[in-house]
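Going in written order, the chains are labelled A, B, C and D, and every chain counts its residues from 1.
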Amino acid sequence: MCTALTFDAENFYFGRNFDYHFSYGEEVVIAPRNFPLVLRTEKDIINHHAIIGMAYVAENQPLYYDAANEKGLCMAALNFVGNAHYNKRIKDKINITHFEFIPFILGRCSSVNEAKRLIENINITDESFNDKLPVSQLHWIIADKEGSITVEAVKEGIKVYDNPVGVLTNNPSFPTQIFQLNNYMRLSNKTPKNTFSDKVKLNAYSLGMGGLGLPGDLSSTSRFVRTTFAKLNSPKTKGEKQSVNQFFHILGFAEQILGCNDIGEDEFEITVYSSCCNADKGIYYYKTYDDFTIRKIEMNSHNLESSTLFRYPVNLVY
Amino acid sequence: MCTALTFDAENFYFGRNFDYHFSYGEEVVIAPRNFPLVLRTEKDIINHHAIIGMAYVAENQPLYYDAANEKGLCMAALNFVGNAHYNKRIKDKINITHFEFIPFILGRCSSVNEAKRLIENINITDESFNDKLPVSQLHWIIADKEGSITVEAVKEGIKVYDNPVGVLTNNPSFPTQIFQLNNYMRLSNKTPKNTFSDKVKLNAYSLGMGGLGLPGDLSSTSRFVRTTFAKLNSPKTKGEKQSVNQFFHILGFAEQILGCNDIGEDEFEITVYSSCCNADKGIYYYKTYDDFTIRKIEMNSHNLESSTLFRYPVNLVY
Amino acid sequence: MCTALTFDAENFYFGRNFDYHFSYGEEVVIAPRNFPLVLRTEKDIINHHAIIGMAYVAENQPLYYDAANEKGLCMAALNFVGNAHYNKRIKDKINITHFEFIPFILGRCSSVNEAKRLIENINITDESFNDKLPVSQLHWIIADKEGSITVEAVKEGIKVYDNPVGVLTNNPSFPTQIFQLNNYMRLSNKTPKNTFSDKVKLNAYSLGMGGLGLPGDLSSTSRFVRTTFAKLNSPKTKGEKQSVNQFFHILGFAEQILGCNDIGEDEFEITVYSSCCNADKGIYYYKTYDDFTIRKIEMNSHNLESSTLFRYPVNLVY
Amino acid sequence: MCTALTFDAENFYFGRNFDYHFSYGEEVVIAPRNFPLVLRTEKDIINHHAIIGMAYVAENQPLYYDAANEKGLCMAALNFVGNAHYNKRIKDKINITHFEFIPFILGRCSSVNEAKRLIENINITDESFNDKLPVSQLHWIIADKEGSITVEAVKEGIKVYDNPVGVLTNNPSFPTQIFQLNNYMRLSNKTPKNTFSDKVKLNAYSLGMGGLGLPGDLSSTSRFVRTTFAKLNSPKTKGEKQSVNQFFHILGFAEQILGCNDIGEDEFEITVYSSCCNADKGIYYYKTYDDFTIRKIEMNSHNLESSTLFRYPVNLVY
């Protein structure tokens, strides 16, 4: 499944682990301002904010997994299996499919607040892209340097939650997910003092014992807690290199390691790729499970007035 | 398996949960001073400190599970399966079987220090009481109001450990058992403060959250931690009634509940009985799984110069 | 805080731990059929099902904590601090205060299904009983031998949830509470097999290790999990004595022990009383923190056509 | 602190995380066969197996942290603070300082079995290298493709333990460390089945829930469990690239992330470097906290008959 993260340093960073048991053939894709975003129900968007992100390109349309636009607005889709609920088209609503949602928001909005207002009128429809691609059950994190929201389309309708920690994983629904952080409130990145009892001498025999109780497994709830702990305890980094590195280290805390998550029939979920986008500068970094080296693509070194996609296939060899 | 406990209030209290899947037919047994304690290798003890405790009586000898003597010295045997190691008789050692160990120590010693010295010369032999009774693999807690020790006969010989918490359960060996308390040092009986991060608002949504992380299962390690937590955080009680009640409440924290510990073939381990002895006054209290009412027998209301056992069968109906 | 429990054996049992740091002076109170139940907004109920339960009696009205009626319908109120939300009186609704809710339901309904239908029209109002008694923030469990529901009055209105486990504690709201049971699905009352890895030999060194991971602290979430584990793994008991005993043992698994839950200023939350009502026979059993002996009062040995309360003060000495 | 790991694939791999709050200026150092290894008490070793590893070079001597020799024998030193105990020189023993131990063993032994025999006669002395370098309290893992041992110099003498999992972290002593793996025996890399109770429907709402209970903090005990879980559940990898990558991913599971382990005075422990040595081929790979890119140095492309060190400073910029 997946883990998304925001990170404030001298710039604003946004990215995610994409966890799955295979790759569709992802590419870093820049959709310049005049590339036509084709929509199923609504009118196509001919002019829009330029977008950079990871996508699977089908029928020349970028199906973004995570992306940022030139205004610094960022968005990622994460699995929300069993909870996501999409509807048929509804009159008087803006009808958007789940695979159109990222380009629609990033194409039109320049801030989380704009996105929030736009979402008030959106209905997410239950259409698949084509016969080969299933309808993915997703929820979304939308973030800019001012804050983050989580968007969940459930039976009761579209719910928009403030996301005070800037982390998203998968199930359960966001209010239940963030509630459980309360259970970890006494954890600390510092060496604990003995509060068990002053009648027995206890000993911090190792550094790091303040975090005892932090869950180490790969379920969505545990990745949520662990990533939040690492993020919120991270010191403010300086410079692009240190910030990007630290971002990937925090994501690494929630990495899916080959063998640890057996999904049956000799298949394992792994962190197929990890990404980190400098949202202020439109620089998209990523690394893959089989290559630790960080690659980068800069949106602003491309002609953003173009009308054709710029595509950089990710070399996923494993 | 079992849990033993010491407790200091206006008097000194000692007792245990006896956890098993059936009862041999335990009795509260007073061995008065002139009751002959028969030993297999050593000379029988004709005169000794009077003893009160829970025992199975076989061939007119009390096989004590837990007991106290008139000097306030207390001792209990608890399962130590897979770790206990007894030897053949050794010349120049005091050869004592595992079932003689409690009456031998309580018959002769009036303090933990005396017991310690005596144990230096003891060899615990691997004899069974008779054909019907197996050799039990045991370790022991010996305590008086000054302190407690744990005695373990292992391959390397007899080990005597100071027991600073006055609690004993079963496996693993005592140094490993007590070491793990360090892992719970940041637990508390107070409502926790948020030390996870000052960047997120967390909420103690319930009383009792300071203990989050305390293990709740019935394994020996978890019962050790839980009982120690309850004991060390107990306020000093006043009066016999409150002290005895609190003792049983603490033991209740480690109780084996019918159904929670399935040992196979439709059998469950339960807390067959719980005991609490006022070691200063020689009053033995107990209750059983099927009867919450606390019963008591007073040693000092008996003729302690007698040479015959005083026996009070426990009515274990379950 | 508190823990409520239902239990099916040859009869249907219902009860609870009442956890608090002091006692208001509870009494076992029988409200016979013709005792007038006084209501603030609605018409007083002159004739109703007879009720037995634990209550604080104020101005001759029984403020029930937990009770059962002669039809076998049971109900208990538990703290729900920070989440409960009561309203002003609403026209066209049945306006019931939180302290009237138990007698109103038990007085009029003979089954959970009847209660459900009645609740559809109820508005819980924010009135206090008098100047000395605060408005308690509560939620409720209502049960009969067919099943249980949880009733929560929150900002969004009154929510009625099926309660498939028949256990209720306190915060968080019931859907979040029961969701977390999923996190314990691999626990068991049986000795675990090594599934960590077949490349290392691991050892169940103690009985009870299948429960490792069961939380042992006194927070509402942990009490919920622990009580549910004990209840659902309990074998079916036989006879009144064994069933009532087992009920109290299961409640004991969630008991608040003096000292373990420090609420500040030298005050501790304890399990003030535990109750168990045979709902089929109208027999109410209880024990208190300072007295393990189980007491009982039988509704049916009273004149249920009476119009005055039968009151049995609980001797709470602690 | 640190985490060491062995890994069997088509070749044998050995490496470690070096966790500390600063760097002494580590270098990858090849000590060719004729480089004189200077010893304090014993005769200098003039001819020996060639060694490659990470070292701090002082007075032209490589103080190895972890290394492998040309025979495929590997060894790493890890902190063992509070438990390590070194002695004065002892006549009739081979007196070796803690900083000589790695080159002495790797210089002379070609297998774990040879090392075991040699260690029988070794006394580890309490000398510091010089005034500026403290005596480090260490324990060691020694491994070849046949197996691993842990060596601990404690008060009772030098203890050599078989290490069946090929993982080492820090405190507590190895028997206590490995014992606790038993507590995780029911964890699995597979989706759990509901064994909590068949009376309630529970749901694996996320992949990875079989690992629930795996500790996620950075203490030595938790890193030991987590690393062992990831290693033992890793499928057999193929080819040098996949094997080295997988090795670093497993080590990454125990990585110390900047901010998560606050050691006071604004200092944090981090994983300064991670290493992976192909012990069959003498290839040493490493990456650092501030550079994810994997670097490599091949021993066999150097003149191993040389008598001078080959040194490759690690560019630690953070």
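Everything that follows uses one rule, which is that a contact is a pair of C-beta atoms (placed from the backbone, for glycine too) under 8 Å apart; a residue touches a chain by one contact, two chains touch by 3 or more.
None of these values were measured; they are calculated from a predicted model.
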### Task
Between A-C and A-D, flag the pair that has more C-beta pairs in contact.
A-D
### Far-end chain from chain C, centres as C-alpha averages
D
### For chain C paired with chain D, centre-to-centre distance based on mean C-alpha positions, whole Å
55
### Message
Report the inter-centroid distance (CA atoms only) between chain A and chain C in whole Å.
### Response
43
### Distance from the mean Cα position of chain D to that of chain A, given in whole angstrom
35
### Message
Please output the residue numbers of chain B that touch at least 2 other chains, ranges allowed.
### Response
172, 179, 183, 187-188, 190, 203, 205, 209-210, 212-213, 221, 229, 233
### Query
In their complex, what parts of chain B are in touch with chain A?
164-165, 179, 181-188, 190, 192-197, 199-205, 209-210, 212-213, 228-229, 232-233
## Note on the structure
Residue positions on chain C within touch of chain A in the complex are 172, 175-176, 179-180, 183, 221
## Note on the structure
Within the complex, chain A is touched by chain D residues 1, 82, 170-172, 187-191, 203, 205-223, 225-226, 229-230, 233-235, 241-242, 245-246, 248-250, 252-253, 255-264, 268-269, 287, 289-294, 318
